[in-house]
Amino acid sequence: MNNGAKIKPGSTMERVNANLAKRYAKERRFRRMGLAAIVISLMFLGLLFGSIISKGYGAFWQTYIQLEIHFEPEDMDLHGNRSLEVLSAVDYGGLVKRTLREMFPKVKKRKEKRKLYGVVSNGAAFQLREMVMNHPDLIGRTVQVWVPADDDVDMLIKGHIDRHKPESERRVKDQQIAWVDELQRVGKIEKRFNTTFFTAGDSREPELAGIHGALMGSIFTLLITLGLSFPMGVAAAIYLEEFAPTNRFTDFIEININNLAAVPSIVFGLLGLAVFINFFGLPRSIPLVGGLVLTLMTLPTIIIASRAALKSVPPSIREAALGIGASRMQTVFHHVLPQALPGMLTGAIIGMAQALGETAPLLMIGMVAFIVDIPANMMDPATALPVQIYLWADSPERAFMERTSAAIMVLLAFLISMNMLAVLLRKKFEKRW
Amino acid sequence: MNEMTEGHTVKRYDDEMIFLHRLVLEIGDLAQDQLRQAIQTLNDKNPSAARDVISRDQELNDLDIQADEEFINLIVKRQPMAKDLREIITISKAVSDLERVGDEVRKIAQLTIHIYDTDSRPPNRQVLRDINTMAAFVGNMLKISLIAFDELDALKALDVIRLDSELEEEYKSALRRLTTFVMEDSRAIGHMVDAVLGLRALERIGGHAKNIAGYVIFLITGSDVRHESLESIEKQII
Amino acid sequence: MQFNTQVVSPVTPLMVCTDIELIAAHDNRKTVGKISVTNPRMRCRNVNVFYGDKQAINRVNLDIGRHEVIAMIGPSGCGKSTFLRCLNRMNDTIDSCRVTGEILLDDQDIYDKKLDVVPLRAQVGMVFQKPNPFPKSIYENVAYGPRIHGLVSSKSDLDVVVESSLCRAGLWDEVKDRLDQPGTGLSGGQQQRLCIARTIAVGPEVILMDEPCSALDPIATAKIEGLIDELREEYTIAIVTHSMQQAARVSQRTAYFHLGDLIEVGETNQIFTNPQHKLTEDYITGRFG
């Protein structure tokens, strides 16, 4: 014992005590560092959420202007014919303009008139058309209609435009400010909950742009991804883990799966472009192709997670089943799989979350297009939430900045609800005895 | 010691076995010494020395009790198996045989007291001559049986068993001689009875030595040979 | 001294075995003792087991008789568990494992290519070292075997099988009121008896036990040992154990394995009082360094 080693003087207790304070200090330091790391990451998370929510909150509210529209048949050039075709061809824009002119009779100059018309969104005309198409009996009556204000007016009302800047540096001119103030004074301008944001597709006009199209695109894409990658991934994992012999070939497969998990996602996009669109001739921009590409991307993640889940099932369960004469298949499906399923679900959710946030491969297969219509099925052209965020973030309008943050909030909400579902499912399956 | 007692993974086990083994040899030595002393008192006509021998028997009894405690402890702690089990059983039995040897020795010492501590006329030397020769013979048997035990020598043990049948013959002829002697001189009848008791005690000691030899053979071969003929024992060993 | 070394020397065992095939098969690795029995249920001849290139079992010959408990003892890594697992082909699950030789169950070679391993395992059940009930209810644990083998046609028949199996495993009185509770909620000893009940529910002929008491406390161990003694009347039992006392208590015959060789086999009493081979002797007296 301790041959040749230098031993400090004193009894064991003395020597131990001498170092004790140092050891505890080390431990405290380590604990503090860990705590600091958590606090910093929480701070950044708070910062992220704070900035997104503070920026995006406004997008859920939209400024509306009340117009008193006279649906006069003469003004609408109807001349008695009230078929839907005729109704749809009416110049509703003119109707809006006339109403505005009536509200501000002092405006005479062409230039000023244009400024006046710019106070109200282009969408007002579409809104009126829809109203008349749905209720043709409105014709001949005078109706108070709330129509969306232009995005610049919206920004002005929300206080994002500085009134004290010189007029030339503002998007909203002095005259427009005066009109808006006048409208506000008579109570004809109001902020309302922005349902358009949740029901509309994309638009060039921020006040008309909505997230619905992208959300549907994401849902369709994810449904395809989940529907394909989960069964395939689990099946592959079960085969590799429980049935395949260990030899060079399976080793090779394993290495490749691990490598695939690390391949940049844009490569999968290129692959999808080459295989699904160019070779199989599927249309561009559709959720089906997006789902297929994301399936390729998430498959390795799910396989790896599922294999880990299978590996963590204690071998004693397998032995028990085999020992009383269960076949391999029965062993796997009666005993091993139920135990591994929660872990597999976790893997699937990680894969899905990854797929939900993925942009690059979707860019490659054309899901980045400007699509106004809301996709009704997985063969309709669509875009996805992250791509929509990317598109809006690129737009110059101040109002799109707000909507970008709002879209991120929607994306996060979607992600959280998906994770919650996974946790619930796992709780349900995870019947640990 | 020997391979019966050594080589356990647990070193303490070895020590305990060796201790018991030595205890047996110690008891054996004491018993042999007692036998020599008792015969010496007879030859020296010294009843007070005989009393010393009798009181020393207590030492033997104490060692017997100590040995009992030791091997009970060992059984509890080690649960001996195979040759350890046989060794323990052999030791236990050998110790009680040796303790009985001590009892027999006491009888011989008592004989000295009985003969020389009274006013009666001392016996003819002839009467006690057979006791001397038989004591030497029996002492040798005891010695060989203990060596057989110590060295795990089945052949030596077999020798003891052979010697026992010789002892039987010796005993019978000694009895015959005494009978003729009494027939010649009937006054010696009292001493003759004493002598017969002494011979009987020595014959029993020889029997105990044979028992020990039998245990040694059991210890080595694992078969109990105490009630078998010499031939069948020989066949088993050789 | 010299005499003594002769007796226990491995080169010249005292009892020379009489089986002719053994002498033919073995040269310097003669198994000491009688490997055959008059009423064998399983006969193993020249069994070799390889893990890859490594030989784990070397030409083992052994019979397992009807209604007997045979104990297999030996130091760790001696191949006793491997050998036990050959008897119901549990080794099949290990890719690198290869078994040669002949293992007959009632004159049927269990390593026959045509033989299906599923019914074999129904015939030769196994109880493992660690109690491993399924994470299901007590009832489901016992009912699983009869159900997958289609041994019963109705729910009431299944109830009968479950009850009788639990009774024979000595567990019925303890669990009859909570059959729907998880099997993993029982104590270690109860779990192991549940595993035994699960095994006998299939109605095997032979039960293999791989150190069934190593994870249990002495009282649970005593219960299992009592159970083994009772089960002997109906089944043939092969048990691997690290406890020599246990082997001595429950078995009629004992086989000693050493580094893949079957060194000695014989009546349990004889093995534990007077083993013939030096290695056996050294092992059971605790003389391995």
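The chains carry the letters A, B and C, assigned in the order they are written, with residues numbered from 1 in each.
Criterion: a residue touches a chain if its C-beta (ideal position, glycine included) is under 8 Å from a C-beta of that chain, and two chains touch if they have at least 3 such contacts.
The model shown is predicted, which means the values in this text are computed figures rather than measured ones.
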Query: Which chain, with its centre taken as the mean C-alpha position, is closest to the global C-alpha centre?
result: C
Message: From the C-alpha centres, identify the chain that is farthest from subunit A.
response: B
Query: How many angstrom between the C-alpha centroids of subunit C and subunit B?
result: 49
Query: Using CA atom averages as chain centres, what separation in Å is found between subunit A and subunit B?
result: 102
Field: Centroid spacing, where centroids are CA-atom means, of subunit A and subunit C in whole angstrom
entry: 61
Query: Among the residues of subunit C, which ones contact at least 2 other chains?
result: none
- prompt: Across the complex, what residues on subunit B touch subunit C?
  reply: 2-3, 7-10, 13, 78-86, 151-155, 220-223, 237
Complex contact set, residues of subunit A against subunit C: 245-246, 314, 316-327, 330, 334-335, 338-339, 431-433
Contacting residues of subunit C [partner subunit B, same complex]: 1, 3-4, 7, 244-245, 248, 271-275, 280-282, 284-289
- line: Within the complex, subunit A is touched by subunit C residues 88, 90, 93, 95, 118-122, 125-128, 130, 132-136, 144-145, 148-149, 182-185, 195, 198-199, 201-202
